Amino acid sequence: MTLLKREEWQHLVREVDWTLSYVDDEAVYPEWMSGTGKVPREAWAKWEEDYKVSYPEYVATQREKESSAYAVKAALQRSTAWENLSEGWKSSTKMHFGGVTLVESEAVLAELKMARFGLNGSWRNMAVFGALDEIRHAQITLFFGHEFVGKDPQYDWTQKMFHTNDWVAVSLRNLFDGMMVTSNVVDIAIQLPLTFETGFTNLQFVALSADALESGDVNFANMISSIQTDEARHAQQGGPTLEILVEHDPVRAQWVIDKAFWGSARAFAALTGPAMDYYTPVEHRKQSYREFMEEWIIDQFVRTIEDYGLKKPWFWDEFMKGLDTWHHALHMGLWYWRPTLWWKPTAAVSKDDRDWLREKYPNWEKVYGDKWDVIIDNVNRGDMELTLPETLPWLCSMCHLPCCVATLGYDNRWRVRDYPLKHNGVTYHFCTAGCRQIWWKDRDNLNHPTVIDRFLAGEIQPMDVGGILGYMGLTPDVMGDDPDYSWAADYKDRLIVPRVPVAGA
Amino acid sequence: MTANWVPALELDELWEGEMTAVTVGGTSVLLVNVDGDVRAYRNRCPHQEWALDEGDFDGEIITCSRHLWEFDARSGAGRNPATCSLSVFPCRVDEVGMIHVDVR
Amino acid sequence: MTAAAEPQLVPLNAIFAEDFVQILVPVMSNNTVAELGEAIAHHVEGRRVPKRDLPKVVFHDGKRLDPSITVAEAGIGPLDHIRVEYSDDSREI
Amino acid sequence: MDHPVGPVLRMCDEVESVVAAIRDDNPDIDIDVVDRGSYVRVQGPGRVRVTEASLQRHLGPAFELRSLQTMLSSFAGRIHTSSDEISWEWATKREGARA
Amino acid sequence: MTTAKRRRTWSAFGETRRVPSEYEVMTHETNWTLRAGRKVPFEQNPSSPANLWFLTYREGSPLKVDDWNAFRDPDQLTYRTYVGLQDDEETKAEGLLTQYAEAGADATLSEGWVSVLGRLFAPARYPLHGAQQVQAYIGHIAPSSYITNASAFATADLLRRVTRIAYRTRELQLARPGSGIGERERVIWEDDPAWQGARKAVETALIAYDWAEAFTAIDLVLLPTLDDVLLTQFGAVARANGDELAWHLSSLLAADARRRERWSAALAAFAIDQRPGNIDVLRKWIDRWSVRADEAVAALAPALASAPQGAPSVDDVLDSARAARARVLDAAGLGLHPAVPAAGV
């Protein structure tokens, strides 16, 4: 072997920092871009990645990945695989295509920012591979989503979703702009690669692939699990950054992780939760959302941060309790406000579904069953107007998701409680104590109108459901509806006996 | 001999860069829009009679999905191999944007 | 200046009984508290919460309101939080 | 298992061979395999390694260690990559990466 | 035959009757911070530092066109084509490196040439890394995803070049111990007068925060000028000194530079075509950065001129570098003698 091993020469690629003298260091690495904070500037010289890769290895390996992903695509292109998927599962993929694709593009901007403003040459080099990876993810997802545009116009939202003011777009832009681009690069490295990519994306890209495969969607399973192999590498930018930050400013390190964790947990409850526990047909669900969260987040991620000498986030109890409620309520909200979606949300509350939900979530029936029963009876009676909204759900001023978190009170009753905050004479409402606390600490950046605020300010005209749908960019060919309401059929018989509510039931 | 034009497809349905199969008088015809000009070919690869509309068209080249034989979309001439070509049907677009093909 | 008595639009953050979500409900400042309760119930009762043949009770800032007074008289302002319960569930929460 | 670490491999034809190579490279510990269909969690206590030499024994002499990355969707523990082997390690205090 | 209108592609392409290319499908308007109808780029307080930065240096750039999304990379690179292309190129590079290593070529190089390699070739990883940073910034803040992606690929190309210089540096260090190669690059970059013009230019380019000025500085002026010295002229002199490997490797790496110049010239030409007034904006920056580029070359030229064999004169080095820059500017419609005389030159 006459080629040198990577270990022989890579230090020279990594040693590319020099002392600036024609311009100020502070001008090239401005504090609010580079974010060294309390960390001495020279401390970043120690930054070193664990997962090393060189350019020639990178292009060779990535070419292999691309060939195999597109080969699966080509093999399935002329099969009827897509036609045979359930509408429920297709909705999981539409949600992914619309909700994730351009996030990958924003991650390109994040990586390029680290490639420019990162405080160590090795970090900047690693971010260049990260930027390429994220271009790959955006492009492969756009390519796959585009294949279906002719079959179903909802796939147009693969490219379109984030260009609209759909409430999901507003919520996710708000989260990801802060997590990926508008923070300084030290915080970005901890929020994006460390918290988001070594934690939460595993849930959407690895765990969900298990449901995809069970549902017969080989293409999608293959695409997302292949994407995550890149994340596994470039996510390693987080570790060395966190190590240095923890040494010099552990309070900031803990806060940045906590904030990113909370925002991610809220978003995944809205997107991944319903896909796993409702849209995936019950017979194909590999594990529940809660079980996947336990496998990927609670065990794996918490172990990682404790390994760095940090603690569980301050909101841990509230978050853990939310594993049994957040995504169930968000699912109901997505279903009830289904015209605002670019997929066809199945309610998925047949008797079999409910048996499964009760088994996985012992409180499910008590908190959500009675509401679905009212909806089921309206569907079976044909009172469809009662299953459609005439107003907006209140949106949290922090996560921009509906305020729909029920908690168990001292009186042993489940209620959605208000978390208000008065600031400069305006009352803000939050879905949880966690959201309220984060907003308060970051209020100068995050004080941003929700769709409710915009509506009340008269920005949305006319001020009715049609005006709102228009503002959100929804066209009649895309607007969501339940695929067939077939889950209600199990309960047709009970309409014979009028429901007599029992006081205190 | 006069032409026997049969309406086959609205031009609106065939964008630049697209190909599609239509049936005209019992014959499967491949319509291809190359930079705004429409061509019509017998929808059979001369190699093993495989339907060409199941193949790929990149705007210039038609590729049969079966054994990857390639043809110039403008002329129907074989590129790889160059020894055979597609059979061409006369084709025109009328003033209301309907594509007509003569398969007789 | 318009007269103080001119009715104003009062958008509220509302929750009805054990419903799963807070909703936006706009009322007028000269609506009565009873009308306010019904306006909120309209979006929920028989839609997600079973309709019950019981009077409704309106809470604002933890206080149970007299159904006969107006929204303005009750001191309810824009963006305030309102909770509506059936009367047998009217323990303060 | 105490301190489980190791790779999460995406579904592909080579998974069984990779697992066999990992077992060869870690003869003194139990390697646990959790199969979830589209992914397989491979873990052992404390430290798990896999070498290019073992992978080549199971997957053929042309297999390059870097190609393992095409299957590596995720992993538990601190990763360490060199030209000859990849390892995953439970570390209570990070000592800094090694070249 | 169906009569219902079937959607064929992204609605973002508007009223089109052309099927977009794979490149367009995967590149078109993927940056939501540029969405139509936005009040500010980021979904947060309009006066947040990030919003103000982007409003100033992206939206507020004096280089303006109505729709940057109409720009296309002439090479139409996508990720898939990029990694395929570069894997082929790197395979060629590794073939060369293997072949010359087996032949023990480094041992045969003259002392005089080794000293040119140590002074001119090995330290280049520093300015190229600086250029890599600026190229990343351009991608970060560019006003269209078409520009962001082209710039990201160019950033990776610069990392490729730094990687290959590092690899050769280590080989030379092993083959020629005592030459200082592999140890003195940072000192040379920071202190050797030959590099101070380049260092000043690169450091200054790092703080050119207007996206279009950064693009002009790096892609239209500094790199086209410096690449002529560090790749083209260096390669020719290397060959004259019996360093066939350096000559071959420079030719391989020059393909990346040519590709970057193609899209850069196309982007400048696009801007001028969309709004003729842009020619004045670009010229002002080109004039400013050309002075710095020429100073950089003037300082470097003696290092190349010290080669034992086939050394060019200092003037030849400068003339050649200026001519290389002029070719890129000509391709952009920014030549010294434009067909249509522009005002204010």
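Per-chain numbering from 1; labels A, B, C, D and E assigned in written order.
The criterion applied here is as follows: a residue touches a chain if its C-beta (ideal position, glycine included) is under 8 Å from a C-beta of that chain, and two chains touch if they have at least 3 such contacts.
What you are looking at is a predicted structure, and each value in this text was computed from that prediction instead of being measured.
Q: What is the minimum number of touch steps required to go from subunit C to subunit E?
A: Steps on the shortest route: 2.
Q: So which chains are sitting against subunit A and subunit E at once?
A: none
Q: According to the touch definition, list the chains common to the neighbour sets of subunit A and subunit B.
A: Under the touch definition, subunit A and subunit B have E as mutual neighbours.
Q: Which chain has its C-alpha centre closest to the mean of all protein C-alpha atoms shown?
A: Most central by this criterion: A.
Q: Find the geometric centre of each of subunit B and subunit D from their Cα atoms only, then give the gap between the two centres in Å, rounded to an integer.
A: Averaging C-alpha atoms per chain gives centres 52 Å apart.
Q: Indicate the whole-number Å distance between the mean C-alpha point of subunit D and the mean C-alpha point of subunit E.
A: Taking the average C-alpha coordinate of subunit D and of subunit E, the gap between them is 39 Å.
Q: Can you work out the whole-Å distance between the CA centroids of subunit B and subunit E?
A: 43
Q: Taking each chain's centre as the mean of its CA atoms, how far is subunit C from subunit D in angstrom?
A: Here subunit C and subunit D have centroids separated by 60 Å.
Q: Mark out which residues of subunit E touch at least two other chains, giving numbers and ranges.
A: 6, 8, in rising order.
Q: Could you pull out the residues of subunit B that touch at least 2 other chains?
A: none
Q: Touching pairs of chains, all of them, please.
A: A-C, A-D, A-E, B-E
Q: Tell me, which parts of subunit E touch subunit A in their complex?
A: It comes out as residues 6-12, 22, 25-33, 35-36, 42-45, 48-51, 78-80, 82-84, 86-87, 90-91, 93-94, 97-98, 101-102, 125-126, 129, 132-134, 136-137, 139-140, 145, 148-149, 152-153, 155-156, 159-160, 162-163, 166-167, 169-171, 182, 185-186, 189-190, 199-200, 203-204, 206-207.
Q: Which subunit C residues qualify as touching subunit A in the complex?
A: Per the touch definition, subunit C meets subunit A at residues 11, 13-15, 18-25, 42-43, 46-54, 77-81, 83, 88, 91, 93.
Q: Under the touch definition given earlier, write down the residues of subunit A that touch subunit C in their complex.
A: Residues 329, 332-333, 336, 367-368, 370-371, 373-375, 378, 386-387, 389-394, 402-404, 406, 409, 411, 413-418, 420, 426-427, 429, 452, 455-456, 499, 501, 503-504 of subunit A touch subunit C in their complex.
Q: Show me the residue ranges of subunit E that touch subunit B in the complex, using the header's touch definition.
A: Touching subunit B: residues 1-2, 5-6, 8, 16-21 of subunit E.
Q: Inside the complex, what are the residues of subunit D that reach subunit A?
A: 8, 10-11, 36-39, 66-67, 69-76, 78-83, 91-94, 96-97, 99
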